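Sharing a structure with you now.
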Amino acid sequence: MNVDELLAAVAAGKMDLNEAKTWLKKLPYEDIGVAKLDHHRSLRRGFGEVIFGQGKSVEDFERIFRAFHERGEAILSTRTSKEQYAAVAHLDGAIAYDSRSRILTLKGEAQKKPPVGAVAVLTGGTADLPVAEEAAQTAEFFGAKVQRFYDVGVAGLHRLLDQLEAIQEAKVIVAVAGMEGALPGVVAGLVSVPVLGVPTSVGYGANFGGLSALLTMLNSCSEGVSVVNIDNGFGAGYSAAQMNRLMASEE
Amino acid sequence: MNVDELLAAVAAGKMDLNEAKTWLKKLPYEDIGVAKLDHHRSLRRGFGEVIFGQGKSVEDFERIFRAFHERGEAILSTRTSKEQYAAVAHLDGAIAYDSRSRILTLKGEAQKKPPVGAVAVLTGGTADLPVAEEAAQTAEFFGAKVQRFYDVGVAGLHRLLDQLEAIQEAKVIVAVAGMEGALPGVVAGLVSVPVLGVPTSVGYGANFGGLSALLTMLNSCSEGVSVVNIDNGFGAGYSAAQMNRLMASEE
Amino acid sequence: MNVDELLAAVAAGKMDLNEAKTWLKKLPYEDIGVAKLDHHRSLRRGFGEVIFGQGKSVEDFERIFRAFHERGEAILSTRTSKEQYAAVAHLDGAIAYDSRSRILTLKGEAQKKPPVGAVAVLTGGTADLPVAEEAAQTAEFFGAKVQRFYDVGVAGLHRLLDQLEAIQEAKVIVAVAGMEGALPGVVAGLVSVPVLGVPTSVGYGANFGGLSALLTMLNSCSEGVSVVNIDNGFGAGYSAAQMNRLMASEE
Amino acid sequence: MNVDELLAAVAAGKMDLNEAKTWLKKLPYEDIGVAKLDHHRSLRRGFGEVIFGQGKSVEDFERIFRAFHERGEAILSTRTSKEQYAAVAHLDGAIAYDSRSRILTLKGEAQKKPPVGAVAVLTGGTADLPVAEEAAQTAEFFGAKVQRFYDVGVAGLHRLLDQLEAIQEAKVIVAVAGMEGALPGVVAGLVSVPVLGVPTSVGYGANFGGLSALLTMLNSCSEGVSVVNIDNGFGAGYSAAQMNRLMASEE
Amino acid sequence: MNVDELLAAVAAGKMDLNEAKTWLKKLPYEDIGVAKLDHHRSLRRGFGEVIFGQGKSVEDFERIFRAFHERGEAILSTRTSKEQYAAVAHLDGAIAYDSRSRILTLKGEAQKKPPVGAVAVLTGGTADLPVAEEAAQTAEFFGAKVQRFYDVGVAGLHRLLDQLEAIQEAKVIVAVAGMEGALPGVVAGLVSVPVLGVPTSVGYGANFGGLSALLTMLNSCSEGVSVVNIDNGFGAGYSAAQMNRLMASEE
Amino acid sequence: MNVDELLAAVAAGKMDLNEAKTWLKKLPYEDIGVAKLDHHRSLRRGFGEVIFGQGKSVEDFERIFRAFHERGEAILSTRTSKEQYAAVAHLDGAIAYDSRSRILTLKGEAQKKPPVGAVAVLTGGTADLPVAEEAAQTAEFFGAKVQRFYDVGVAGLHRLLDQLEAIQEAKVIVAVAGMEGALPGVVAGLVSVPVLGVPTSVGYGANFGGLSALLTMLNSCSEGVSVVNIDNGFGAGYSAAQMNRLMASEE
Amino acid sequence: MNVDELLAAVAAGKMDLNEAKTWLKKLPYEDIGVAKLDHHRSLRRGFGEVIFGQGKSVEDFERIFRAFHERGEAILSTRTSKEQYAAVAHLDGAIAYDSRSRILTLKGEAQKKPPVGAVAVLTGGTADLPVAEEAAQTAEFFGAKVQRFYDVGVAGLHRLLDQLEAIQEAKVIVAVAGMEGALPGVVAGLVSVPVLGVPTSVGYGANFGGLSALLTMLNSCSEGVSVVNIDNGFGAGYSAAQMNRLMASEE
Amino acid sequence: MNVDELLAAVAAGKMDLNEAKTWLKKLPYEDIGVAKLDHHRSLRRGFGEVIFGQGKSVEDFERIFRAFHERGEAILSTRTSKEQYAAVAHLDGAIAYDSRSRILTLKGEAQKKPPVGAVAVLTGGTADLPVAEEAAQTAEFFGAKVQRFYDVGVAGLHRLLDQLEAIQEAKVIVAVAGMEGALPGVVAGLVSVPVLGVPTSVGYGANFGGLSALLTMLNSCSEGVSVVNIDNGFGAGYSAAQMNRLMASEE
């Protein structure tokens, strides 16, 4: 029974009013007002489910993965270990694993559509690549067209400036940097689109596990920079894809 | 002389090659490739200039304000003190000062256009209002249509849920919160648009000047949250306006 | 119109079903399932409303206070400045202000009932008194019988042990301490009831605004200690009153 | 000889006064006033002894465990390694080990009694389970009836709201959460019983080993939240059981 | 009645045994075993009482000061404000106030005895003087002979080495330093007596209120250094006097 | 008597050998080996003495200033308050005070020589000026030729690149920046001379009093950057002058 | 040639004065004034040499150990690994290794003398034993009579009070504690001798590697506490032995 | 085609003006004005390329190394693992690996030139050697003459003073120290040349991974100290070589 049926039953005198009231109180949220709570879920569902692999035992991972798999859903799993991958590699469907980004995917219908928009993913150095790939592949999984600009850190400014024209064509920029973390601020000063800063834990000494890069990005003097957690390539990729999709119909 | 003229002069044999080479070396960046550097500036210029009032002496503030004023530009000045306002209040044009947000504006043509899109600015409590207003008024200055949802913190969840439908109509959400700072994460779980978290220094004890709210937002489990510096309403308002404008033609 | 009336109207055929469904979607949460959200509010309301004075302008404070006052509700206002008190002192009713704890109260019916249970409030030193009084008076406002044991810090253990028998009669203990903050741990080792530790910012040097006492309490080796924020006497008093009331019918 | 006998001997002139005075000075604390020191111990003893396994060598662990075992006492050992378990697994009695929570128990008479009250243990995510189970099993060991509500984090608010009615039936709530740690604050806003927040070290980047969740909980805007150390499931379970028992006779 | 009298009364049959037992239970700790708790107090009492002025209202300060004053005791009050001093300046006896160290004293018999031993108080710079004087005058109040060696910081090593011979005659050394805080470690490498390091909050930038000097001293490679809290001249002076007195009879 | 005279006396048999040995033991360090300790002092003396004004009472400041003044020495006083300046303004000689940098100077012969070398002082923003001026004027006091490049922060890269050629002519660069502090790293990537980074406390929120800029500079990916304390313009100016002088004879 | 011989040669006219002056400048410090620098060394030498094993390769360790060994000196090596011990175990002399404290000793004549004085070493819990043993054995190596009082933490105050009389007989107390670290402060309030606090890294969560215990001890309200670095049992043992020896002749 | 050829072609009418303009826009920065960007690179190139080994997979490392190797360039690789070394050890040329400093070099022509100037590298203890060797060998690779002064920490000041004369002959000093990190400040007080402080992570407890030494050096009271990141021997060695070379022609 849903709200329509309930109201019909009440109108038809087939249901006691107290019973109806009780039913309404217990009504699953998705059937009335609070169904809005799931709005974003249904929206996202078209793009598949997400599993955060880190900290999950191989057994737990396999069980969760299978549950989604059986429902025939596309799956994006981040921070997946090789052992976790091995546990599900034999399942049906195009399961792919990228050891650098530790992203495991099972693509669905949504992933077969042509990508839209333009997301640029930049890194300061080569050591930031795993985080950058997590961002890039996440954005791709959620439908974005992604272009990579790696190793364009501010210590050699010409590397960045050489690529500037191409970078300026992006609608959203993800700038990944460790150590001093100055890349997002410098880039944001050169473009007119949102820049998502991703501090990485790359470095040593007083970088304190990425804190130095995080603080740099939060204190950026350039307008247009917002920041996600240290090493959170997934979060940046998701946000970039979300912004990109909302901007895409602009063209 | 610009690049076109130079090349014409060279082609016409009117210019010595060494002289031409020297000229090219000194060429202002805006005339050749690196002119891209100013791309964002010209874009933004239409919306007026920005002055960060804090830490500037009244004399310095007045001098900078006058310089912009004389060029006839629209001006947004953030963190402006009453003394700074007093020093320029007598100048021509519609100079307005809001003591709560400490924003001083001199509106130009761009500010007279009808606002576009939909930016929602939320606060956890009433004490977050100054920062929220800085965000809201900044976004409005840069052309966004802004709706305010104040005092909808997670300690009384019904206040937030009551307004959810209206909030979900925004294209970009700015969520301002101090103390525990959980608002952006909770909101992001209920919507499908970007959420910009603004931690505030509101609170006491172990909030350490806003650090607690900042860390909460950075560690949000909800996808779609990115964060700006503590109390940085301007930064959030700017980013929100930027995203909003890029999404606005979507409709 | 409420749910009962709606259902009656539907049953009587006086209301269109679509209209009814729309109404249900917009139904204020307190009328159906989500009314549970307000469960605690209605429960607490009997004891009056709470205003956090700190950071509110005198004007804002007065406006909020008046709104509650006009509804005839009892009011507990914490961290109230003398200026805020002055702005409402002339209003009707028994408005009282304690400058040490900065608590302002307008007592209602609930506050006239005899207090129940037994809450003990301890301090390590005399400088912790303002926070301790905030806790004690908050607990009293919410109906608890409170006994104070001040200046029983662990640097002079006999002061604590001399009072131990009386302390052990409490159902809930609030232990307030700055500097080293060892009091809650030592007390918890001597009693069998919950101890709420309140670190204070009292001290200097490496106490870092109360951090030292906070860490001490969180790391207590004694079972039964839980902790609230630095200087958060209100939070401890509220929790103590809540626990005390739930235990009170035990006798 | 106890105090009674001493006094009798003195009254009977059978004991020299100086000898009596000396005896009184050395009197074990448990025989006079300071025996109160042991009040909580004897109270707790009925529920068995507690061993903190972490950091103890297998040899030390076995020796301590045996000592309690020989006295026929019930034992709760937390943070027990598999090696430590192996060293005592062969001993008499129902020794059980749970590898997820790392709790090892030897149940006694107290543990055979029916549990009382109602403690709810909630987690934000599945990765918080080990800490939550430490809390839940500790509370059960000390006599509480425990109900688990796992994976109800604030990123998907409907998961929490769906269970709200059941959660509201608890007398004490333990809310376990890592990363942003917003769960205890949100829950406390929905219930009228004490909420014990347990921050976990689950997360990465700027969660700084649980610091982010800890600060969030300490800064909660909701009344009724108190906090234990990061990952301290035992402490929360103990406090919850203590509160629960003190409230239990209420019914 | 004391223990002797009680026992006599019991022996004489003048006291009921139950009454005696009750009396013993309530016996002030100082009369039996736990009287040891006061051992240090009685010892210290000969040297007068200590009041920590900081954070006390003028009224509270005056009340406490008077209480000691009326009992005819010597008084050492640290961190005393001018206002606090003014409130008691008119009382009988030789009340003296030193505005640099903010120490207020009322000397008693103990302070009239000739000082013993040899405590050296060193500072790195002139800005460390207030803390150093607090240490020196505290040590003098508690009976130590004190010699001052100011402005002998390690940035000009010859200043320290020039005085080395005199410094080496001390039995206990208090080394006060801010900024880099290297003095205690360097001195300890040159002497064979205990060095008490006192970090001061003197400095700016990354000294973080004395944290830099504190960490330096804690990490000293020289044996024989122990440390007190930042700016805690009193603590160092007290400890130095205590050690000095225990060593003094050596000569 | 100096070493020469002593040895002569010994050789002439005018001095007892034991007496000579004793004298040698007490010999002021500057007369034999340890005289090296003063090597740098005598070197620096030619450039005048330095007084750190901050934290010194007006009386102390005046007394120290007078002592140097009477010896006819040039004086550089940093962090001097207006009150300190007023206390010595009437003294003989060209005493000058700059309220922005808070530097007070009494120039001597050394300051009248033409400056040598080339030190460039850069700032990220206008708010960094006081620190930059402290650096620039310090370097000038110690004989360096200084060129200022202010407001060339990385948020508007073209401002920096426009001035690059001139900046590249410096022998030593002092780069002063607050907030994100990226300037020294970006500059060092564009030049081949030492860059001294000076983090400033300019900013708000998560800049934590300059910590963000400090960490950025320490983590710079560009070779050739070394860092001084937050706001330590004097230290950078001194080091720059020292390096500049050592390089100056190169030309 | 030494100073005596030099002076004799000069007096005898056998040495040129310039040559003599040069020789004096290069004179090893131990032969003239600065020989004081070695005062403490010669003093300590009687008790043997100290090697800090941690971080040294087995080869380096063996080489250093052998160098001391060959000079026939007593050796105390702290933080020695089993591998380091194995590398020197075969050498002559009574080489002993304690795996709990990781102390390796080669006792000399000084270690055969009867111990003097009275040092008490206390721990809060059993996990603090390795650090406590490092302190105790270090103190013993340097000649102190040591008595151990382990597992007397403040969570069970009776355990401490039961032993109080014996503890009060010490001349110096080393109090070792992790987690909350309250032991030194509580003990210092009960005795009249110096208490050296040793924070340990024992604990988890918000103890931050011993920081919680360190801050607690630094903020102790009890006079007479000074603190060494986290886990620095050696430093405390050394200081305790030093104080103890200086006090020992008192008896 | 370069700028000269382009201009010639334009002058000769062989090139279309629009084409020329396009070409100029895309001109590699090194050919016109911005070629300054590469100034330092070409300068440095003579001394070989630098690879930061840490965090690179063996495959990535080998690929990058080969690329440089094939171009016949000299190579300095820091933080190289044994595995990385093994992967390239078989290549042509004099490839050398130092396991203590983890520096791998392939020397080129520049490295065969005689070293110039005078860089002194000092360490506080033997455990600082790996970092010091990284600094020393880096400086040597870039052409500096380096002298090592190891184990001259301030805990035994005579060790430092004994070597002072030799140290004072350096043009640049690199002072490497862990734990308390006081060495650079003490040394800078004794010399008149720049001192580069390198904090190391050597130590334990409250050294917090080198933070204590870092803060000490930043807060040094001695003029002339600048600091690089914790354990950043390479950075110090590079800066020292750079300064040294710029000073070298002075002689």
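Labels A, B, C, D, E, F, G and H are assigned to the chains in the order they are written; within every chain, residues are numbered from 1.
Definition applied: a residue touches a chain if its C-beta (ideal position, glycine included) is under 8 Å from a C-beta of that chain, and two chains touch if they have at least 3 such contacts.
Computed from a prediction, not measured in an experiment: that's the story for all the values here.
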Problem set entry | Relative to subunit F, chain with the most remote C-alpha centre | D
Exercise. Taking all residue numbers at the subunit G to subunit H contact, is the shared part over half or under half, that is, same or different?
Worked result: different
For this session: Decide which interface, A-H or C-D, involves more C-beta pairs in contact, and give its chain pair.
Result: C-D
Seminar exercise, completed: Relative to subunit C, largest Cα-centroid distance belongs to chain H
Exercise. Roughly how many whole angstrom separate the Cα centroids of subunit C and subunit F?
Worked result: 55
Seminar exercise, completed: dist(centroid_CA(subunit C), centroid_CA(subunit G)) in Å evaluates to 50
Problem set entry | Where subunit F and subunit G are represented by their mean Cα positions, the distance between them in whole Å | 40
Exercise. In subunit A, what residues contact two or more other chains?
Worked result: 29, 33-34, 37, 156-157, 161, 189-190, 205-208, 211, 214, 218-219, 229-230
Seminar exercise, completed: Chains touch one another in the pairs A-B, A-C, A-D, A-F, A-H, B-C, B-D, B-F, B-H, C-D, C-E, C-G, D-E, D-G, E-F, E-G, E-H, F-G, F-H, G-H
Seminar exercise, completed: subunit F residues touching subunit G in their complex are 3-4, 7-8, 10-11, 13, 17, 20-21, 24-27, 32-34
Seminar exercise, completed: Listed in rising order, subunit D residues that touch subunit G in their complex are 28-30, 34, 37-38, 41, 54-56, 60, 199, 201, 209-211, 214, 229-232
Problem set entry | Interface residues, subunit E side, partner subunit F - complex | 126-127, 156-158, 161-162, 202, 204-208
Problem set entry | subunit G residues within the subunit C interface of the complex | 124-125, 153-157, 179-182, 185-186, 188-190, 203, 205-208, 211-213, 215-222
Seminar exercise, completed: In their shared complex, subunit H is touched by residues of subunit F numbered 33-34, 36-37, 39-40, 43-44, 50, 161, 164-165, 168, 171, 189-194, 196, 214, 218-219, 223-230, 234-236, 238-239, 242-243, 246-250
